[in-house]
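Each structure below appears as structure tokens.
Shared between the two complexes below is subunit A, which has subunit B as its partner in the first and subunit C in the second.
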Partner chain A sequence: MASFIGFYSLSFGLFFSIFIILYSFINLKNSEVLDKKIVSFTFIQFFFVLISFLGLIISFVNSDFSNETVFNHSHTTKPLFYKISGTWGNHEGSLLLWLLVLTLFISIFLIRSNQQPTKYRIFTLLFQQIIIIGFFIFLIKTSSPFNYIFPKPNEGLGLNPILQDPALAIHPPILYLGYVGSSIIFSSALGAMVTSHVTKEWAKHIKRWVLISWVFLTLGILLGSIWAYYELGWGGFWFWDPVENVSLMPWFALTTLLHCILVLEKKKILTSWAMILSIATFALSMSGTFLVRSGILNSVHTFANDPERGLFILIFLFTLIFLSIFIFIFFHSEKEKIENNFFWLSKESSILVNNWFMMYFLSVVLIGTIYPIFLEVITANKISVGPPFYNKLIIPFLIPFLLAMAIGPKLNWIKSDFKDKFYMIIFLMISFLLSALIIKEFDISFLINTILVTSAFFLFFSTLREFFIKRLKNLSQNIAHFGFSLLILSVLFNNIFSNEIITNLKIGETFRSDKFTINFENIDQEDEKNFKAIIGKFNVLHTDGSSDTLNPELRIYNQPNIITSEADIKTNLLTDKFMTMNYVQNQEYFNIRYQVKPFMIWIWISVILISFGGLLSFFKKRYEI
Partner chain B sequence: MRFIHIFLIASIILNFNFLKAEDIKTENKIAKNLRCLICQGQSVYDSDSEFAISLKLLIKNKIQEGMSEEQIYSFLKTKYGEWILYDPVFNRNTYFLWLLPLLIFLAGGAIIIRKFNNKNNLN
Partner chain C sequence: MKSKVITITLILFFLITFVIFFKGLKNPNLYTPISNQGKEVPSFELKSLGDNTKIISEKIFRGNKYYLMNIWASWCIPCRDEHKILMDLKKDKKIELIGFNYKDNFKNATSFLKDLGNPYNIIVSDKDGIASINWGAYGVPESFLIHENKIIKRFIGPINNEDLLEIKKIIR
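And then the complex of A and B:
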């Protein structure tokens, strides 16, 4: 019943697009005020998609296996929380969620943009409707979440256990809020170009959308990373996996846009660049969805693929890109005034430097991700592009980037002199001494590590000082930059000082190294609702006298029948102690991984700080820079 | 004399331990730079599949035979193809992969410099 309502509600939603477009065109002719009906129709459309989405959730909660999506991705013994999160833990449901957020955002946009010209609002709505209709057709044609199975099966196939996790349950919705937010930026940029509204006012108004999408995208990536850290059992938080890269690319583009908009809201320059970035961010979000869904990428995350769907998204994506290129060429004119002089030492130029590096990082990730695909198609050679590639091309460039990030915000608009020369030199010296002291081990990587840590410390101290001298002024930007320095520092220390071993142990055996002793005491068995757990009891004695008890788990899920391993992590402010236990077929011993990872929690904290900076800026009434 | 003996033995043992620790470090480093061919986007180091376990053993043996890191990579490359290496080799196939980002960086710099010069000339 719920599926039935869901399906028809979806079709009604699509039907309302016709009304919205029709009334929009009528409204364009006498565009003094926005027709109230258009707003109502947009809301009704959102309402129908919401009903449809709720219908799917209810089908999942009731384990209605006559619905194909529910049958493929759920099971009666699954806990309620994961029944609900299973709604978007699959291809069909996640697309419905996309559509829900699309319609929600355009409704919010219409309410919140009443200060803007009517024509611009209508055009933005129209462009957004193209995307919405595309998704409606995609959903109904190729991936309907409401397909009917007869006769009704008694039991479902279950959700992949590694997806049954609280962080992963909220990861897709948060990430989608970021992705879909970029669709509003895209439509609004097109609308602004068509109506020649690329102005300071536009920049001020769209900045909030940029900020909110950026905050959600950042948090979405963070959640995915946290999940990978404790669920995949490798102890890492970033693998340069293609699917991770795909979420990172729009983030780079959006971060660039965020900085570019700062200039645009002050002076009418860089308009073309802002337009290109707005289009690129959305194109990257969409192609991300395409690459993940098409199954082209070889990745841990690939959980749904079908060539027909991939083709649809590809055609849709190209249509949108061609449309935006067309509009950019024929409607956008760069009317920048000559008064806008650039001087080398100014805030504008430092923001350009930011844009420059961000685009470089983006190009490294983009080329690294798609180059192997093209090479395979053209020459049939398969190559892998992994962490060493990204490290080699990104890490050296971080050094000037961090230094510029420390200096840039201190500069004034238009023209500036170096202030605080004294403090900057002192900070640089302190940072260098501190880094050299910390990285005592003298080997080949000493030089690069020291310089890297020095530049990160330099940013750290510079932003820290800003808190005291500027206090509330520029707080949001300062928090974000401070968070970034903290992030780089924690990642570096985490990499340099982590300590890890892999060993095979039987029950009762002990592993000894010069840093710690691991004692495998015994195992326990526990029965849960949808899995059996084998819990290992380990005692780890460190040379400094501290000891920990760690209980990593093996879970044998009933449906689908999969063994997963759950890490046990002891976290404190300085280090994480991370242990996993893996089952080895036909052997008495277990495979044990133990890692001591310093400053792990600071990686998460710093990313939260970064997004908090963005959030603070979003809620600020007036921008003072 | 006896003291020297003990010292020698001790230093050999210590040295041996040190070398062993170095070997494990290299082993791990190599395993981290290899793709587990039967897994979905995992490195050999991160994986516990049979393939990964046998490969880790292979790396260990090759190191004991005295092969250098580079030699092991090229050995594995001929055996399994370039797909196994996470660090793509710089050759005809990958010129673009390695150089394109750097070219983009240079082009970006050039655009910025031109922007400044143009604007200042206009005045």
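And then the complex of A and C:
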């Protein structure tokens, strides 16, 4: 019943697009104020999609297996929390969620933008409707979440156990808020170009959308990363997996856009940058969807692959791209005043430097992700691009990037001269000495690592100083930049100081190395609601005298029948101790992987700090730089 | 003028991207090793080690004999242990050994064979390791027992004496 209502509700929602478009065109010709009806229709459309989404949730909660999506992705023994999160843990449901957020955001946009010109609002709405209609048709035609199965099966196939994780349950919705927020920016940029409204006022108003999408995108990526660390059991947080890259690329574009908008809000320059980035952010989010859902890539995120779906998104994506190229070329004209010329040492030029670095990082990731596809199509060769490619191309460029990031925000608008020279040099020297002392202790290549850590420390100290001397001025920006320096430092130290052993042990055996001994004491078995757990008990004794008890688990899920390995992680402020255990086929041995990973928790904390900076800026009334 | 050039380049670039993605949709995308036991062997077209002549898999495995395709490399330590057994197997006339030289350089590979003997009838060179991926290989060494173009058994890791007896039993 719930799926029945859900399906019809969805069709009605699509139907309302016709009214919205019709009334928009009438309004465009006749009136200077926005027709109230259009706002109401937008709300009704949102309401229908909401009912449809609730219908799917109810089908999941009631385990209504006559619904194909529920049958494929749920099971009666699943805990209620995962029944609900299972709603968007699959292709069909997650697209419905996407559509829900699309309609919600355009409704909010219409309410919040009442200070803006009517024409601009209507055009934004129209462009957004093109996206919404595309998603409606995609959902109804190729991936309906409400397909009916007869006769009704007694039991469902179950949700993949690695998806049964709290971080992953909220990862898709948060990430989608970011992606879909970028669709508003996209439509609004097109609308602004068509109505020649690319102004400071526009920048001020779209800045909030940029900020909120950026915060959600950052948090969404963080949650995915946390999930990979805790659940996949590889002991890393970033793998340069194509699907991770696909979320990182819009992030680069959006971060750059954020900085451009900050300039645009002050002075009417960098408008072309802002327009292209607004388009690129959404185009990259959409191509991410295409790459993930079409099955053209293979990764941990493989959804049920269907070339028909891929084809639809591909055509849809390129329609949007060509539409925006067309609008950009015919409507956008750069009317920047000559007297606004750049002085080389100014905040504007430092933001431009930031833009170019970001574009470089973006291109590296873009090439690394899609080049294998190009190569395979053209030459039938399969290659895989791994971490070494990204490390080699990105790490050296991080050094000037970090230095520029430390100096840039201190500069004034238009023209400035260095007053803080003395501090800068002192900080640089302190950073260098500190890094040299740390790196010297370890057997790694001295020069590159020292310079890298030095530049990260330099940013760290300069932003730290800002907190004390400027107090509340520029607080949000400073928090974000401080968070970034902390992130780079933690990632670097995490890479440099990590320790790992992989060994096979049986019960009672002890592994010894010069840093620690691991004693495999015993195993326990426990029955949970939808899985059986085999829990190992390990005692790890470190040379400094501290000892830990670690209990990694093997979980044998009943529906679907999958064995997963749950890592046991002991976290404190300085290090994470990470242990996983695996079966060795037909033997009494277990494969043990033990890692000591310093500053792990600081990676999460710093990303939270970064997004907190964005959030603070969102809630701040007056603008600042 | 300048903007026209940019426009056309941009449109061309996106058109090409579209075509590539469109074609890419039709390609299969399994990179993970799959168990091929009981299936037709994956075909390959590789250069032979040394004289660079092209060797096509269909021509090798179509015969009436048993074939042991052995993935090896001179840098692989367990391959050295395994080698004695392969030399032993070479004496059996019912089976032909095909060497699959994995990510190796020519000089090291030939000196390896010079030192330990050459058990192989044919050696192909899989320099970039891609053909091995198509075979679903897990690593070096690994061996596939093939009959009538089908894999009948695979041995992951070095072949030991028990495996040798098993192979001899099968080909009898």
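Convention: the second predicted complex is superposed on the first by the 620 of 625 C-alpha atoms of A that agree within 3 Å, B and C clash if a C-alpha of one lies under 4 Å from a C-alpha of the other, contacts with A are read in each partner's own complex, and residues count from 1 in each chain.
Here is the rule we go by: a contact is a pair of C-beta atoms (placed from the backbone, for glycine too) under 8 Å apart; a residue touches a chain by one contact, two chains touch by 3 or more.
None of the values given here were measured: they were computed from a predicted structure.
Colleague: Just from the overlay, do subunit B and subunit C fit on subunit A, or is there a clash?
Modeller: Aligned through their shared chain, the two binders clash on subunit A.
Colleague: A:Lys382 contacts which: subunit B (first), subunit C (second), both, neither?
Modeller: both
Colleague: A:Ala436 contacts which: subunit B (first), subunit C (second), both, neither?
Modeller: neither
Colleague: Please work out whether A:Phe290 is in contact with subunit B alone, subunit C alone, both, or neither, and reply first, second, both or neither.
Modeller: second
Colleague: With the two complexes superposed on chain A, say which partner A:Leu50 touches: subunit B (first), subunit C (second), both, or neither.
Modeller: neither
Colleague: Quick check for you: in the superposed arrangement, does A:Ile108 touch first (subunit B), second (subunit C), both or neither?
Modeller: Neither: A:Ile108 stays clear of subunit B and subunit C.
Colleague: Specify the partner with more touching residues on subunit A, choosing between subunit B and subunit C.
Modeller: After superposition, B is the partner touching more of subunit A.
Colleague: In the overlay, answer first, second, both or neither for which of subunit B and subunit C A:Ile321 touches.
Modeller: In the superposed model, A:Ile321 contacts subunit C only, not subunit B.
Colleague: Examine A:Trp356 and indicate which partner it touches, taking first as subunit B and second as subunit C; both and neither are also allowed.
Modeller: A:Trp356 contacts subunit B only, not subunit C.
Colleague: Under the stated touch criterion, which partner chain does A:Gly368 make contact with: subunit B (first), subunit C (second), both, or neither?
Modeller: first
Colleague: Could you tell me which of 74-82, 92-100 or 110-118 in subunit B overlaps subunit C after superposing the two complexes on chain A?
Modeller: The listed stretch with clashing C-alpha atoms is 74-82.
Colleague: Can you list the residues of subunit A that touch subunit B in one structure and subunit C in the other?
Modeller: 298, 381-382, 384
Colleague: Touching subunit B in the complex: which residues of subunit A?
Modeller: 234, 236, 239, 241-242, 298-302, 338, 340-342, 344, 349, 352-353, 356, 359-360, 363-364, 367-368, 371, 375, 379, 381-389, 392-393, 397, 500, 502, 582, 584-585, 591
Colleague: Could you pull out which subunit C residues touch subunit A in their complex?
Modeller: Against subunit A, the touching part of subunit C is residues 3, 7, 10-11, 14, 18, 20-27, 29-32, 130, 133.
Colleague: With touch defined as at the start, can you tell me which subunit A residues reach subunit C in the complex?
Modeller: Answer in residue numbers: 290, 294-298, 307, 310-311, 314, 318, 321-322, 325, 329, 373-374, 376-378, 381-382, 384.
Colleague: In the complex of these two chains, what residues of subunit B are touching subunit A?
Modeller: Answer in residue numbers: 28, 32-33, 35, 40-43, 45-46, 48, 50, 53, 81-88, 93-94, 96-98, 100-102, 104-105, 108-109, 112, 115-116, 119-120, 122-123.
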